[in-house]
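Next up: the structures, one after another.
Each of the next two complexes has chain A plus one other chain: chain B in the first, chain C in the second.
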Partner chain A sequence: MNRFKGLLGWEFSLIVLVGAALLIGGLLSPDFLTGSNLSFLTANFSEVALMSLSMTLLIIVGEIDLSVASILGLCSAVIGVLFAAGVPMPLALPAAFVTGGLAGLFNGLLVTRLGLPSLAVTIGTLALYRGLAYVLLGDRAIAEFPAFYTNLGFGNVPGTLIPLPMALFAVLAILTVIVLHATPFGRALYAIGANGVAARFAGLQVERVKLSLFVLSGLMAALASAVYTFRFASARADNASGFELSVIAAVLLGGVSIFGGRGSVVGTVAAVFLIGIINGALTILDVSNEILTIVTGLLLIGSVLLPNLLTHFRTYQQRRRIQGDSVIQ
Partner chain B sequence: MTERSAPASSPSSSGWLSRLLMAREVSLVGLLVLVTLGTAAINPLFLSFGSVRDLLLNVSIIALLVVGQTLVLLMKHVDLSVSSTVGLSAFLTGSLFVAYPGLPVPLALLFGLGLGALLGIVNGLLVAYGKVPALVATLGTLYVFRGVTYAVVSGGQINASNLPPSFLGFGTGSVLGIPNLVLLALAVLVGFAYYLRSYRGGREYYAVGSNSEAAVLAGINVTRRTMTGFVLSGAIAGLAGVLYLARFGTVDATAGTGLELQVIAAAVVGGVSINGGVGTLAGAGLGALLLGVMGSALVTLRAPGFYQQAIQGALLLAAISIDMLVSRRAARRLQEERKS
Partner chain C sequence: MKKRVLLLSALALGLSTLSFAQAPASIKKGLKITLLPKNINNPYNVIETSGGLEAAKEIGATAKVVGPSDAGASSQVSYINTAIAQRQDALILAANDANALLPYLNRAKQAGVKIVTMDSDTAVSGRTLFINQANSEGIGRAQVQLLGKLINYKGDIAVLSATPNATNQNTWIKWMQEELKLPKYKDMKLVKIAYGNDDDQKSFTEMQGLIQAYPNLKGVISPTTVGISAGARYLSTSPSKGKVALTGLGTPNQMRAFVKDGTVTAFQLWNPADVGYLATYAAGALASGMITGKQGETFMAGKLGKYTVGKNGEVVLGPPYTFDKANIDKFDF
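So, the complex of A and B:
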């Protein structure tokens, strides 16, 4: 119960921070709080947002997928190569989803069947999938996509300033909240993350659940690849390089424990927006990309370090209080 | 010392032989010979003096980095930030030469060591005292250090023309036909291999990685050992950065990008377990050499450059999978022996 309360506190502070970031951005630049800028800014982190949903589930069960950005690149290459070869888009897109699903399945099989640590496996596939993208596409860029699809990438929901990819994200985020927090499957994820052995003894299909989450992670990366490819109207092998950091940073900053068993989708969504808005504000202030990299890295470290230091400080205080009491007695 | 020389005459010589054949190092050497001879059979130029020299020079930087990475991996941690440390150290050392062209080479090496140690302290503090998982901490510093490098470089570049001839000479020079960099890497590798094998401090790395709670009970200061491991890994990466500069002469903000993957792959191929407590530096060094030979064989056999990254990833996956299967079989055999 106490832990639950602590988590709500963390999410609440994140939401306050999002508001503060918006306010500070608005004070520093008059262009920041305009509708079109906010629309552009949110569209800019839609791929990270999509992938952070499945990453939240994976990290809650105690696994991790460092290869998501590479799967995105590979799927993007598949879309590009097939389209350049004259395959119509309604066939190229499903091929990308099959590729993403298979890539996730391969990760999952290595982790669940061979019992390998997911960190090591996905460091390997991070290189493998990105390499396959280069094998497929080389350093070419495929850019001539039909207007219908590129409009899906950078268009808005008709009549509003909400980018289409973010509308998609909103629907999927709500679905994830329902699955994670209101179904037996969602509760099973926490049980597996908290104690996999106990969960197995309680009759949960730990391996099958983990395998399905790795496949889901690959499918989400495929979906993000479609968004990225159409948003930039460009299929390149190096699409979204390094995005895995932003995804993992968002999930950990959102309060999901790297050791599994703790976290919520609301926290992840708040953190995605916080990182996205900070990045957007820094960009509009002409702060260079280098500083953005440093800020994301620091957020990643800080999101784990600060709670640790806080716990340490609390136990230290408690111990002192106990010692003080015993002295008085 | 006397204890160790005693078993040589004992009757367990057949056990000694089978242990030799079982050793990871032997299979690595076998594979190394196979790849080398196979490639040389297709293209004899593979064994020419120049190409062997280039290969060894390239491998020496990875072989150096694998020493620090092994220390960290043995404790069940990982240091993903080495590539960024190499890049920052290479660029700052280059800038130092631009400011003080007369800087002696040993001072440049010391500068790299010191800078790397400082960055290692950051990692060590985060992991040992901040209790941040090494993966998260060093993934974060990988980006922070690289971001700092970009900010410092800001589009600039260090070229060979900025560097004094004495330094470039050190990078390409050799003693008795063996390149300086290779000698340096070999010295560090052998020194640490001896330390890990025969000193209390060295054995503590294995103890921490095998069972850190037991290590605490055994009186090992795990926090300090962890700190030392990260500082050493950083310092070695800083030194490697100076050598990188001496070897290539030209560095920009992207110098060293992706090296961490090659280093971890080399350690794991060499038999250092990602789960801590298992592995030798001899194996890790051979792993680095094998990956280098394979990479260079691919170039010799004219495999397109685009295949390199995919092959590296596949090799890493194969290495960890085989490692897991072998260790599982060993555990099963141990259990059966205990039953009978």
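So, the complex of A and C:
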């Protein structure tokens, strides 16, 4: 229970930081807190946001999927190739989802059936899936999709400045919160992440759960690929390359433990917004791209370091208290 | 008296509305211009944007260079949005992807930001003007003109191209052949078009083959950066060094050593600084309402002189720039 309280503290701090980042950005640049800028800014991290939801679940069970951005690229290539070949979009899109699901299944099978570490497996498939995307599309870029679809990626919810992809994200984020925090399945994820062996003895289908989460990760990357492809009206093999780092950065900054068993969706969502807003503010202040990358890196290191330091500090305090108690007695 | 004042002010009013209808004669002071190259750390882009900053100073504009550190398709998008949010008057960009930026460029246009591309164009609908560094005819003809000068308009010549089906190379070669039809080239004969496939080794051996097969060979044009540097490498250690002239399209950093050791006297490419310079003047003229991007409109671009807007909003910088011993050290790309 104590652990849970600590986590809520972390999430609360993140939400405060989001507010602070907005405020500071607004103070430093008069162009920052305008509706259209904030609308663009949130649309700009919608793919990372989507993939961070499934990544949260995966990291909670103690696994990781480094290949998400490559799956996105591969699915984008599938959409592009099929569309260029004259396949209508209502068929090309499901094909991208099948591709994403299969890519996730392949990751999951290697991890659960062969017992390989997901870090190693998905580093491999990161290269493999990106390579396949290049095989499909090469250096080509497929553009000129029907306006209906590009509007899905580029447009706002009618009458508002909320980007459509972010509305989709909001729905999925709420669903994820419910599944993770209010269902037996969600509780099983924490149990598996905290202690896989114990979870297995308790009768949980550990391998099956993990496999389904890898498939979910692939499907989410396929969904993000549709958003990306339509948002930029461009299917390219190098779409979203490097995004896996942003996704993992957001999840870890959100307070999900890289060792599994701890974390929440709310934390991830707050972290996604924090990183996105800081990036957007720095860009509008004309801060160079290198500094931007450094800031993201420091946030990531800080997010891994800080909780650990806090734990150390707490145990140190506890030990002192125990020692103090024994002295008194 | 009162009547006269009234009349005069009416006249003044009439004049002012009249002048309003006309395009302003000069670029407005204090324009805000963003230069967005493909990639911010590339030496070529640095020279290009430095030309833009120079022009901005001349027209009294506030200009800045922003951009991604990678040349990914979508990494320029957040900078386009920033230009909108900062209410920039003009955005000059070298597009990393012809289509990925379109919806965002259109949004910028709607917000009143004038869009000029340079170097690498977007689809025509994405921008108002495209500053093209050189057109095919200009490149093809200029290469023959340069080689003619170097060999005194006499002797056999050859072309060392890239691949047999490279569109740009073939168009340039076609214009070279057109230029060679002029009377002043009557003593120059194109004996062979060789293909080095843009491969260093193959270009090297093709150059060797040309020199051995044609004893009267006086000059070679290699309109590809791979071909010209491989050709120069072969020539620099061969007995034909200084006897066979080699020219073509190359970059100063690639060719510097060969120019200094006398293997190559002169070669061509465009001056990237001039591309940025012209683009900034064009953006200034556009943002001041002096031009609208229609074919046939003209504007002045400082030291580069007068330019005319061509078809589809294209403005051609001019014939390629010739690099030689005297100027090569001014360039680093």
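The rule is short, and it goes like this: the second predicted complex is superposed on the first by the 312 of 329 C-alpha atoms of A that agree within 3 Å, B and C clash if a C-alpha of one lies under 4 Å from a C-alpha of the other, contacts with A are read in each partner's own complex, and residues count from 1 in each chain.
Operating definition for what follows: a contact is a pair of C-beta atoms (placed from the backbone, for glycine too) under 8 Å apart; a residue touches a chain by one contact, two chains touch by 3 or more.
Note that the structure is predicted; figures quoted are calculated from it, not measured.
S.K.: According to the stated criteria, A:245 is in contact with first (chain B), second (chain C), both, or neither; which is it?
M.R.: A:245 contacts chain B only, not chain C.
S.K.: Under the stated touch criterion, which partner chain does A:134 make contact with: chain B (first), chain C (second), both, or neither?
M.R.: first
S.K.: In the superposed arrangement, does chain B or chain C reach more residues of chain A?
M.R.: B
S.K.: Of the partners chain B and chain C, which touch A:36 in the superposed model: first, second, both, neither?
M.R.: In the superposition, A:36 contacts chain C only.
S.K.: In the superposed arrangement, which partner chain does A:298 touch: chain B (first), chain C (second), both, or neither?
M.R.: first
S.K.: Quick check for you: in the superposed arrangement, does A:262 touch first (chain B), second (chain C), both or neither?
M.R.: neither
S.K.: For A:288, select first, second, both or neither according to whether it touches chain B, chain C, the two together, or no partner.
M.R.: The answer is both, since A:288 touches chain B and chain C.
S.K.: Give one of first, second, both or neither to describe whether A:210 is in contact with chain B, with chain C, with both, or with none.
M.R.: neither
S.K.: Would you tell me the residues on chain A in contact with chain B in one complex that are also in contact with chain C in the other?
M.R.: Shared contact residues on chain A: 288-290, 293.
S.K.: So in the complex, which bits of chain B are touching chain A?
M.R.: Of all residues in chain B, those touching chain A are 78, 126, 130-133, 135-137, 139-144, 146-148, 150-151, 154, 261, 264-265, 268, 274-275, 304, 306-314, 316-317, 320-321, 324-325, 328.
S.K.: Which chain A residues qualify as touching chain B in the complex?
M.R.: Where chain A meets chain B, its residues are 64, 110, 114-117, 119-121, 123-132, 134-135, 138, 245, 248-249, 252, 258-259, 288-294, 296-298, 300-301, 304-305, 308-309, 312.
S.K.: For chain A, which residues count as touching chain C in their complex?
M.R.: 29, 31-32, 34, 36-37, 40-41, 44, 141, 143-144, 150, 154, 228, 232-234, 236, 238-239, 241-242, 279-280, 283-284, 286, 288-290, 293
S.K.: Please name which positions on chain C make contact with chain A in the complex.
M.R.: Within the complex, chain C touches chain A at residues 40, 64, 66-70, 72-74, 77-79, 81-82, 84-87, 97-103.
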